[in-house]
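Before anything else, here is the set of structures, which you'll find just below.
The following pair of complexes shares a single chain, subunit A, combined with subunit B in the former and subunit C in the latter.
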Partner chain A sequence: MTNVNVNVHHLTRVEGHGNIVVDVKNGELVKCELQIVEAPRFFEAMLRGRPYDEASHITSRICGICATGHAMASLRATENALGVEISEQTKLLRKLVFHGEIIDSHVLHVYMLVAPDFFGVGSVLPLAASHPEVVLRALRIKKLSGDLCAMVSGRHTHPIAMTVGGFTHLPSIPEMLAMKERLVAAREDLDETIALLQTLPWPQFERETEYVSLKKDDEYAFIDGVVATTDGFTYELDDYRKVTNETCKPHSTAKHTRHNRESYMVGALARFNNNYEQLHPRAKAAAEALGMKPPVTNSFLNSAAQAIEIVHCVQDSIRIIDELVDRGIEEQALYEFQGKGGEGVGSCDVPRGILFHNYVIDDEGLIQGANCIIPTNQNYANMEADMRALVPQILDQPQEKITHLMEMLIRAYDPCISCSTHLLNVEFV
Partner chain B sequence: MARGRAEGKKHHLPPATLVLGLGNPLRGDDGVGVRVAQALAARALPDDVQVIDGGTHGLGLVALIQGRQRLIVVDAADVDRSPGEFLRFTPKEARMLGTDQHLSIHAAGLRDALLLAQALKVLPDEVVIFGVQPDNLEWDSDLSPQVEAVLPGLIEAVLAEIAVNPAETGEQPATAQKAGG
Partner chain C sequence: MAQNGKPKVAFFDFACCEGCQLTVIDSLQTHLELVEAVEIVQFREAMTEKGEDYLVAFIEGSCTRKEDEARLKEIREQAAIVVALGACAHTGGINALKNIQPSLQGVREYVYADKWEWYDTYPARPISAVIEVDAVIPGCPIDRFEFLDVVKKVLLGKKPSIPDYPLCVECKLKENVCIFDKGGTCMGPITRAGCDAICPTFGNGCEGCRGLIPHPNTNSMEDVLAKAGLTVEQLIAKKTMFNAYDPAQIEGSS
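So, the complex of A and B:
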């Protein structure tokens, strides 16, 4: 009978540190765990006692990749707590910068972290040597999305111009028109991206789960809306805990979540399955080219759903710029604290999935309580459920191949285990 | 001299010199690069110099590095010195530890970004790194006293690297600090 022992310490090409442990004895799965060994982070504690208008700047440093997503969820939580209404112009600019970050994060994941698996190389470095045109294309898209973010939020990495109730800096019409030209010109790179993904041998693996994302009536939801699941549940944002139901697991320093089943999935594939109808026609065409129509139940295809979202976000950014140029950009008064606190929940569907921030603010404008639930935590239980389903299907393969497929599976979720310090370790020669 | 270029400005050719401050300001001394970037951004710098707070953007930094003639990086680094001391070095003078097998978006950050830029042949001709020995890397939004104390001297050293006279940047030159190394 088959014995398999997979032990991957410090899974590579994911954010932070996670271990994969699989133990099969006599053909029977004895152990199958994704162990999270990162020290838990203490953002909630760091927020306590801080003025409300610092929260978005602090939380934007949680992650160097999802900085805008955290800042946005933070602002929405604060605005909901304080009863701040935001203008149509602010909503449009926020959607625009959010699209920039979705493109930015997805292109890094698809090209630099996932693609090397399909080219049979260990990382993007040999890929850059063997297929420079592929990596340079990724960099072009990345530069575009970075410049889009900087145009709206004032910075390439951590947004500075977004504030409670609006923006402290506004892009000019000529800047937006120049950006639109570049977005239109990017279509060729996007077509090449989809063409590349068409050629990749995606692993065959089906396991249906519950897919959870934001949902809105009028658009493919990234900011605000309700929480919707493919099992037919809908919740107002204030009821987010009814979805997340966090629990602690002994093998993980991160909490697990569950809703209607043993696990649920968040991220690009969940959004695709929930909100496919609202994708831009070009994104739907990309999905068709990749043979994807909901429900897609192969978790490996989360990376393909990300590429489809890149197309959607580029197209929708063009639309938003057109609307902003038509309306004209005006300076708007910024929010002033009214001396009355409250509690609020903010939610955004960031690159890796649905994110919740929940703040309690006192009448002095100081944060008294905060809760942040990040997408990767919500995916852990589903990753393990996928691992348990996949292992028995691939037991006939060599151990090395099994290990590689498990790593690819976890990477497909684009997990952000920790945005830890990146201290440079130097040895002089 | 004009004010340092705002990051959001449209430019087809990026300014020739990029000064990149890296790190996470919520991780104690890891935020030293960001603090330097913030201080420099507030000063008047030549038009061909751009300062960016690169945070923990990791591999994404390559898109910012591309097209430059000169890259100056300020980052916390284990340079085997006392906390607060800093060293100026070039990639050729140092081996940045880690292996390709541990490549992630920002677990190793600068090293990977430089290697990728090199592999793509977009690494600027001139790369200079200011590595600052940290004392505290725990969750903390303040720098340690040792690193805080070296900031003025570090900023002056970076300005000297850019070949800018600190007195011309609109702020009083910082009191000279003993730099390590």
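So, the complex of A and C:
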């Protein structure tokens, strides 16, 4: 009978610190855990007593990869709490910078965190020597997306110009036209990316689960909308707690979420499964090339769904720039506090999945309470359910291979462990 | 030193967002030759290999738990040169906002309720509160070109120098309209330059993420902020956003 002991301390090539523990005794799965050992920072407490206009600047620091996503959800929560209307110009600019972050985060994940596993190396660094064209392509796409974010908000990691009600700095028409040229030229790099992914030996694994994401009538949703699930439920953003249902588990100090089933999944694959019809035709073509059509229930393919989203976001960025250039850019007055507080929820579907920020602001304009529910947080139960399902299927393989597959499974989710500030498993003896 | 003569470097992180390490990765977009100049033996976010014989250690993040002190000391023992990477490591950064809440106990219960004991924490502090630091790359996040400059100097055995003058110098050189003249407020007059005044350039007043200049004129700064119409809470907020850490907060803590 098989005994397997997987003990990965500080999983590499993921954001943040986590351990994988799998224990099989006599063919029976005894323990299967993803332990989060990241130092807690207490962001929700840090926000208390701070002026409302600092929220997005403070919360972007929750994460270096999804800084723009946090800032965006933060701004929407603040704007909903204070009843701030935003202009069409602001909406377009925000969609543009958000696309930049999606592309940036996804290309980092696909090329630098996941691809090394398929090339049989420990990191992207040896690929700089053996496959320079692959590494240069990844750096090119990442530079493009970083520059796109910088054009709109000053900087991707910790945006500067986005504020409550609008922007403190606006891109110029010549800047946007130059960026559009680069986006159009990037199509070749994206075709090569899809071609590369077509050749990779994706692990075969299927497990049905509920997929949760934002949904909008008029576009593939990233900012605002309603919460939708593949099991057919929809909720207004204010009712987000009906989706998340955070609970503490007796075996784990990590809070898990669940909705209609024992777990649910968020992220690119969830968005793909929910909103496929709204993808740009080029993105759908990429999906077809990769043999993907919803429902896709192989968690490893989350990385492939990310590549499809890169294609979509590049195309949609071109469309947005065309619209902005057509309308012209104008200076717009910024919001001034009206002396009345409130409570609001903001939600964005950031690279790793649906994110909620919920603030209570008082009549002095100071934040009295905050709650942030992180996408990675919402994936932990699903990760462990996937692990439990996968292990029995691969028990006949050598321990090294089992360990590697477990690592690849967790990496596929693109976890952002620093973000999941609630999720701490200090000791597990 | 590696057999190929390249100095061995390693990256570590504590309580942080990893944004500074990501900025390091992004610096490869324009300076891929960096990977030729050094041998990176440990960089958890980007690679699987974990070498322990590094010469230069870059550390991102603040120390926020007693158990992290041992790890910091281990790194200090191994590395000939320790570089604090970014505001969290340099000044405590955003993490120190926790220190100025009414009570640490209140903070722990607010976030973790009845499970507060499960999550160890103490007042956040820069790594220099625990180990000796040889060089600093300030900012939240770091500026990638300043990073490259400091790396070059460290590899050449030179002492890196970062500006001691305030952001106002950089704004003036760029002919930015002063944020105060636009009706806003800005911590630039007492904040360390070196970021090319990026926030004022994009219309947002400096938040002080690079730390204060030596001998900052804080009294004058407060006068200027008060004249600009800030309430007491807003004034304190400006001063503390990235500079909440005070060594007195950790006196007597275990």
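Definition applied: the second predicted complex is superposed on the first by the 411 of 429 C-alpha atoms of A that agree within 3 Å, B and C clash if a C-alpha of one lies under 4 Å from a C-alpha of the other, contacts with A are read in each partner's own complex, and residues count from 1 in each chain.
Here is the rule we go by: contacts are C-beta pairs under 8 Å (C-beta built on N, C-alpha and C of every residue); 3 or more make two chains touch, one makes a residue touch a chain.
Bear in mind the structure is a predicted one, so any value in this text is a computation, not a measurement.
Engineer: Clash or fit: what happens to subunit B and subunit C when subunit A is overlaid?
Structural biologist: By the criteria stated at the top, subunit C and subunit B clash after superposition.
Engineer: Can A:168 be said to touch subunit B (first), subunit C (second), both, or neither?
Structural biologist: The answer is second: A:168 touches subunit C but not subunit B.
Engineer: Between subunit B (first) and subunit C (second), which does A:178 come into contact with in this model arrangement: first, second, both, or neither?
Structural biologist: first
Engineer: Contact-wise, after the overlay, does A:48 reach subunit B, subunit C, both or neither (first, second, both, neither)?
Structural biologist: Touch partner of A:48: subunit C, not subunit B.
Engineer: Report for A:58: first if it touches subunit B alone, second if subunit C alone, otherwise both or neither.
Structural biologist: Both partners.
Engineer: For A:366, decide between first (touching subunit B), second (touching subunit C), both and neither.
Structural biologist: After superposition on chain A, A:366 lies in contact with subunit C alone.
Engineer: Subunit C: which of 24-32, 114-122 or 222-230 bumps into subunit B?
Structural biologist: Given the superposition on chain A, subunit C and subunit B clash at 24-32.
Engineer: Go through subunit A and flag every residue that touches subunit B in one model and subunit C in the other.
Structural biologist: In subunit A, residues 10, 12-16, 41-42, 46, 58, 61-65, 67, 108, 112-113, 122-125, 128, 135-136, 139, 142-143, 146, 153-155, 157-158, 169, 421-422, 424, 426 are touched by subunit B and also by subunit C.
Engineer: If you look only at subunit A, which of its residues touch subunit C in the complex?
Structural biologist: Per the stated touch rule, the residues are 10, 12-17, 39-42, 44-46, 48-51, 54, 57-58, 61-65, 67, 108, 112-113, 116, 122-125, 128, 135-136, 139-140, 142-143, 146, 153-155, 157-158, 160-161, 163, 167-169, 248, 253, 364, 366, 418, 421-422, 424, 426.
Engineer: For subunit B, which residues count as touching subunit A in their complex?
Structural biologist: Residue positions touching the partner: 6-10, 22-27, 30, 52-60, 62-64, 66, 75-80, 89, 93-98, 100-112, 115-116, 119-122, 129, 131, 134, 137, 139, 141.
Engineer: Which residues, counting only subunit C, touch subunit A once they are in their complex?
Structural biologist: 14-23, 25-26, 28-30, 32, 35, 40, 43-50, 61, 64-65, 68, 93-95, 97-98, 101, 106-108, 110-112, 115, 118-121, 124, 140-141, 198-199, 201-204, 207, 231, 233-234, 237, 241
Engineer: For subunit A, which residues count as touching subunit B in their complex?
Structural biologist: The touching residues are 10, 12-16, 41-43, 46, 58, 61-65, 67, 104, 108, 112-113, 122-126, 128-129, 132, 135-136, 139, 142-143, 146, 150-158, 169, 171, 174-175, 178-179, 419-429.
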